[in-house]
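Heads up, the thing below is written out as structure tokens.
Chain lettering (A, B, C, D, E and F) follows the sequence in which the chains are written, and residue indices restart at 1 in each chain.
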Amino acid sequence: MEDVDQEKTAEQDNIRVKTNITGLDKLLKGGLIRGRNFLVSGPCGSGKTTLAMQFLFNGVMDDKEPGLYVTLEERKDKIYADMKNFSFDLEEAEKTGIFHLIGGPVAGLSKYMESVDANVVHIMKEIEELVRTKGVKRVVVDSLNLLMFLTKEKHEQRKTIAMFCNALSELGCTVMFISETKEGTMDLSRYGVEEFVMDGVIVLYLVKQESSFVQGIAVRKMRGSDHDRKIRPYKITKKGVVVYPDEMMFSGGM
Amino acid sequence: MEDVDQEKTAEQDNIRVKTNITGLDKLLKGGLIRGRNFLVSGPCGSGKTTLAMQFLFNGVMDDKEPGLYVTLEERKDKIYADMKNFSFDLEEAEKTGIFHLIGGPVAGLSKYMESVDANVVHIMKEIEELVRTKGVKRVVVDSLNLLMFLTKEKHEQRKTIAMFCNALSELGCTVMFISETKEGTMDLSRYGVEEFVMDGVIVLYLVKQESSFVQGIAVRKMRGSDHDRKIRPYKITKKGVVVYPDEMMFSGGM
Amino acid sequence: MEDVDQEKTAEQDNIRVKTNITGLDKLLKGGLIRGRNFLVSGPCGSGKTTLAMQFLFNGVMDDKEPGLYVTLEERKDKIYADMKNFSFDLEEAEKTGIFHLIGGPVAGLSKYMESVDANVVHIMKEIEELVRTKGVKRVVVDSLNLLMFLTKEKHEQRKTIAMFCNALSELGCTVMFISETKEGTMDLSRYGVEEFVMDGVIVLYLVKQESSFVQGIAVRKMRGSDHDRKIRPYKITKKGVVVYPDEMMFSGGM
Amino acid sequence: MEDVDQEKTAEQDNIRVKTNITGLDKLLKGGLIRGRNFLVSGPCGSGKTTLAMQFLFNGVMDDKEPGLYVTLEERKDKIYADMKNFSFDLEEAEKTGIFHLIGGPVAGLSKYMESVDANVVHIMKEIEELVRTKGVKRVVVDSLNLLMFLTKEKHEQRKTIAMFCNALSELGCTVMFISETKEGTMDLSRYGVEEFVMDGVIVLYLVKQESSFVQGIAVRKMRGSDHDRKIRPYKITKKGVVVYPDEMMFSGGM
Amino acid sequence: MEDVDQEKTAEQDNIRVKTNITGLDKLLKGGLIRGRNFLVSGPCGSGKTTLAMQFLFNGVMDDKEPGLYVTLEERKDKIYADMKNFSFDLEEAEKTGIFHLIGGPVAGLSKYMESVDANVVHIMKEIEELVRTKGVKRVVVDSLNLLMFLTKEKHEQRKTIAMFCNALSELGCTVMFISETKEGTMDLSRYGVEEFVMDGVIVLYLVKQESSFVQGIAVRKMRGSDHDRKIRPYKITKKGVVVYPDEMMFSGGM
Amino acid sequence: MEDVDQEKTAEQDNIRVKTNITGLDKLLKGGLIRGRNFLVSGPCGSGKTTLAMQFLFNGVMDDKEPGLYVTLEERKDKIYADMKNFSFDLEEAEKTGIFHLIGGPVAGLSKYMESVDANVVHIMKEIEELVRTKGVKRVVVDSLNLLMFLTKEKHEQRKTIAMFCNALSELGCTVMFISETKEGTMDLSRYGVEEFVMDGVIVLYLVKQESSFVQGIAVRKMRGSDHDRKIRPYKITKKGVVVYPDEMMFSGGM
């Protein structure tokens, strides 16, 4: 253990990173913790990508913090078009050099195949480069599941995540990892191990009730801080995810 | 990231592709989004193929958009005969060059076996060819499950789908992928990963109640757009699938 | 796609094959469709073999249509003895050349082992021969499960079924594939894939209620045709399966 | 298909083999069918071995039919001691040459290990020998599970059972195969395939209700014969299993 | 089959081995049966080891029968210290040569690793030696699970248990095999096969009810003897396990 | 068995190690037992690490017992920062040589990867060294799950844990092993085997009730001692975990 680490620790203690997502910071007792890794998990269509993008975009707009979005499958143009619907002009932000994106396949098939095969080490080097040269402070990895799909051996998966998490927080970044949970479960993650290597876990629930779907959000874990321990309702609006921190997901009996 | 992509994006933004399936476009807040991939999933006998064929046929008849049906198992003659029952004359449409079909086994056994073994890359080349020479705009892939069956290694499956999806939307096509869900579940897909690589998910539910089967349809995800969030009843009529966008699947307690 | 196929299609459209099983044709809106494949699934002791044999025997007696029973495990003498209890004299029918059976083990152990190992291609050749030389129109394959057991690799199974189904309908035969479902489930098939490659699915349900077993039958899928969508009661009588097409399996609440 | 088989069939038709187990023959509408294979399944402690032994011993005592018990694990002396409690003197029966036992380990460890490894073909030869030289008519195989354990490859298991069943009924024997089901389930067998290759299935149920265990027996399948279709109570008495064919397992609501 | 075995059988018939555990012998209708194998299964913390040790210690104290405890993981000093809490002075008993222990790791790590790797054959030789030279009559194997863990191939596991069971009862020993069941289940064993190769099964149940855990014991199987068929409450007291043979585990509705 | 061990046993008997965690020692009837291994299991966010750290820190502060924290994934600086929130100044304790930490990754990626790959034997040597040179008495291993992830072969896992446990208690240490259970279950551990090789098990439960999460703690096993057998409520406060030993987790019906 070198003293260098101890000093960095002292600097990092208790520094909050506000998400500025309506209602969420109240659940987090002030915001995320700088330099830590957070899991954002939820089923299909629950708004994980939107919430994570808000975290990045609000950092850019409110705090002038450079953001980085790492995707392993999505096309850049699709993402930019989708986010415009929430009035997030990522194209504009990218031009000013305060927003960055790694990984979306662009040209042809062969190029795409190559980018999918890019291994974790290669992706980390790209991230490291952007953090050093552009001062990136907030990172979103979308999604953790693909990262684990790329890891063939089951016993290698946790090692891969742990390695990735540590590498990112050593760079001082505050990171959101997106994880897709299985429909109809209350799981925290897909493999049941992701939540244990993270410093915090934010879960989006989607529960079918008769012909409707009820949505709720909860902070299930947050190392080094107290946090709200209820499931709160949220909505996906034109301005993104909006959390109601003083209401309960289920008002009556379930 | 090349500028070419950014321009294409600008053009594609918000363009809606009407399915013209009674009631469905209301759930989709106007229709599908051009150039995107949609999962149409449901259990056996829920009408997935009929719904997807309506999407293609309505494009041909109402919007003069060339359509392409990709099948990996079915015989062309069976499909054409089945669709005639819904008054879709695909044979006629094919003659005018505005409808196309790839893949159904025709002659003998050996030929069939070959066509089943045809790998994904080969199928994509055929599609690419038809899009370029015939101007195909709407594509149906029936079904995603077989595509995944052909992929031996589990960790290769998601990569295969992601690659296939991206290749198709880079060609500018609006695509419906059909996925068969397991009887008696509320699953969104067979492998639990298909829904995450798609831009939208339309689910057909079939719930046994005493001696009857109750049917419902829901849009569970739609990147870059708001959408209806209830389960609505639908029927399979002589004119195909008909959705009731203002009613609820379960009217009473379940 | 060759024109030859298109012509054959024209001929086949909408031709119904009556099962002449009391009550069943009403559920099928007139009968099976010529040249198509149907799954007959159900748990142990639900009468699958009896129902399929009625389909063959009624074809022989009522419509003079040559029938073929393909078995991979059963002894011919056992089957003939069992069917005599339902007054189906298969031995007599076989003598007149209008009924055929492939596959039952006859002589000694070694011979049996050989017949079990007979691969799918070999069986198909035998069927093809009988169809060509004897004009077989109706075929029963008992059972699909063994066929899949013989297929070692999981991803080969669906291919095997698809190949087998297509080969049979190209010969113009109307086929019933028997599938054994797991006790206590409402599954449509054993592997959960068989129903998707078939043109129609007929399910026999057997539900334990206190000290009794309640039986019901439903048509769960029928490509190219409307069909009944309820679960109807049935009985196994001295004359075979009898369906009650106007009653409900569960009369009260369940 | 040779004519020899057809003749044998004629002889075997409808010949009933009475179990003479109190109440059971009523459920079987007269008894088992000669030359057929029956599965006797049930959970731990439900009396499977006792019931099967009654079948053999009653054959010896009431009908002078030579019986054979095939065990792959049990010691002969244990079995004989246990059966004496039900007043079955197998030792005496063995001396008169009308009862036989194959397989129990006798001397030392090495000898035992050998006998466990004895493959199916070897066991069948021993059985064949006893049937030919001693005129054995009734056989019990205890248990089918071990037979399947000895079969390494999953897809080989059904083949093994099918082969074994056919070999035995070709010898004209009426056979009971014992199968152990999993505690707390209503399964018909351990692997879910055994019931499909058998001609009949007799199930022993054991249901926990509060602090007691309720026992019931049902004939769930019987090819070539009608049979009772309810779950009837039974008891294990000093004279073995006693079935109450006119009562119901659950008298009240469950 | 040699006559020697038949004679041994005669001697062993019906000889009861009293456990002298309060209330248990009543459930067993007099005690265990000499020379037989019994499974003692239950979840974590249910008192399996305590019950088995009482069986050994009571044999030593009440009947002067030499006992042997076989452990594959535990340290001797821990076991001795734990048992002192129940006033079982195993150290004292060992000194008088009437109690023996095989297997606890003693010195260093390397030595331990060796003892874990010790194969089943080796352990059996040690037991055989002690039975012959010390006249051991009662044996406890703690636990069966580790034995099965040491067996790599799944289809070898049952063979291993069967072999071990037979070897021990051929030595004339009455044996308790301890098996750990999974929390929250009503399983009889961990692998679902152990109960079938045993002569008797004693189960300890632990059911969570609101904020408490309810305990019950039942004899679920006992070859060659009648036995109690209810679940009876028990407690772990300063004198070990105490069974209440006339009460019911659940007094009210559950 | 050497006499040395017997003597060590005598010394160790009944020596209690107070956790000094409010309320917990009452459940433990005085505290943990010196030289034994305890499992502390619970789902994500239940406070396992906090509870274990209290055990170490209270040992340091109240009893001047040197403590050791073994982590396989976490960064030292993160752990120290998190614990400061509970007023545990581990940095200060480390400087005085009474607190030690093994394993957190420090410098760069390559170094980290190395430390993750460090095998169990290597870790044990480090621990042994610290126990001998620094007199460490209390050890926390966080977490057992990673240890098992590093063990490729399933049948090696239990052996690894057993070996690790024994090695530690031979050194005289009192150890807490942290195990992460799956969300939404009442499991005692992740693999279902960890609890059986431990001397005691402390479980943290987290049950979702409508929009809230209810927390409870229970001692489920404690070899060689009586213990509380209810589930008691607990809270995570500014001073760490606080147990309410006289209340019930669920006050009403559940």
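Keep this in mind: a residue touches a chain if its C-beta (ideal position, glycine included) is under 8 Å from a C-beta of that chain, and two chains touch if they have at least 3 such contacts.
All of these numbers come straight from a predicted model, not from anything done at the bench.
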{"item": "Interchain contact steps from subunit B to subunit E (minimum; 1 if touching)", "value": "3"}
{"item": "Chains in simultaneous contact with subunit A and subunit E", "value": "F"}
{"item": "Chain labels contacting subunit A and also subunit C", "value": "B"}
{"item": "Chain copies touching (subunit A, subunit F) - same or different residues, decided at half shared", "value": "different"}
{"item": "C-alpha-based rotation, subunit A on subunit B, 0 to 180 degrees, nearest 5", "value": "60"}
{"item": "Farthest chain (mean CA position) relative to subunit A", "value": "D"}
{"item": "Interchain centroid distance [CA atoms averaged], subunit C/subunit D, Å", "value": "30"}
{"item": "Centre-to-centre distance between subunit D and subunit A (centres being mean Cα positions), rounded to whole Å", "value": "60"}
{"item": "Between subunit C and subunit E, centroid-to-centroid distance (C-alpha), Å", "value": "52"}
{"item": "Overlap residues in subunit D, where contacts from two or more other chains coincide", "value": "none"}
{"item": "Chain contact graph, described as a line, ring, star, complete graph or other shape", "value": "ring"}
{"item": "Residues of subunit B defined as touching subunit C within the complex", "value": "44-45, 49, 73, 75-78, 80-82, 84-85, 91, 101, 104-109, 112-113, 116, 143, 145-146, 149-152, 180, 182-184, 208, 210-213, 236"}
{"item": "Residues of subunit E defined as touching subunit D within the complex", "value": "1-2, 5-6, 8-9, 12-14, 36, 124, 155, 158-159, 162-163, 166-167, 169-170, 185-188, 192-193, 195-197, 199, 201, 216, 218, 220-226, 229-232, 248-250, 253-254"}
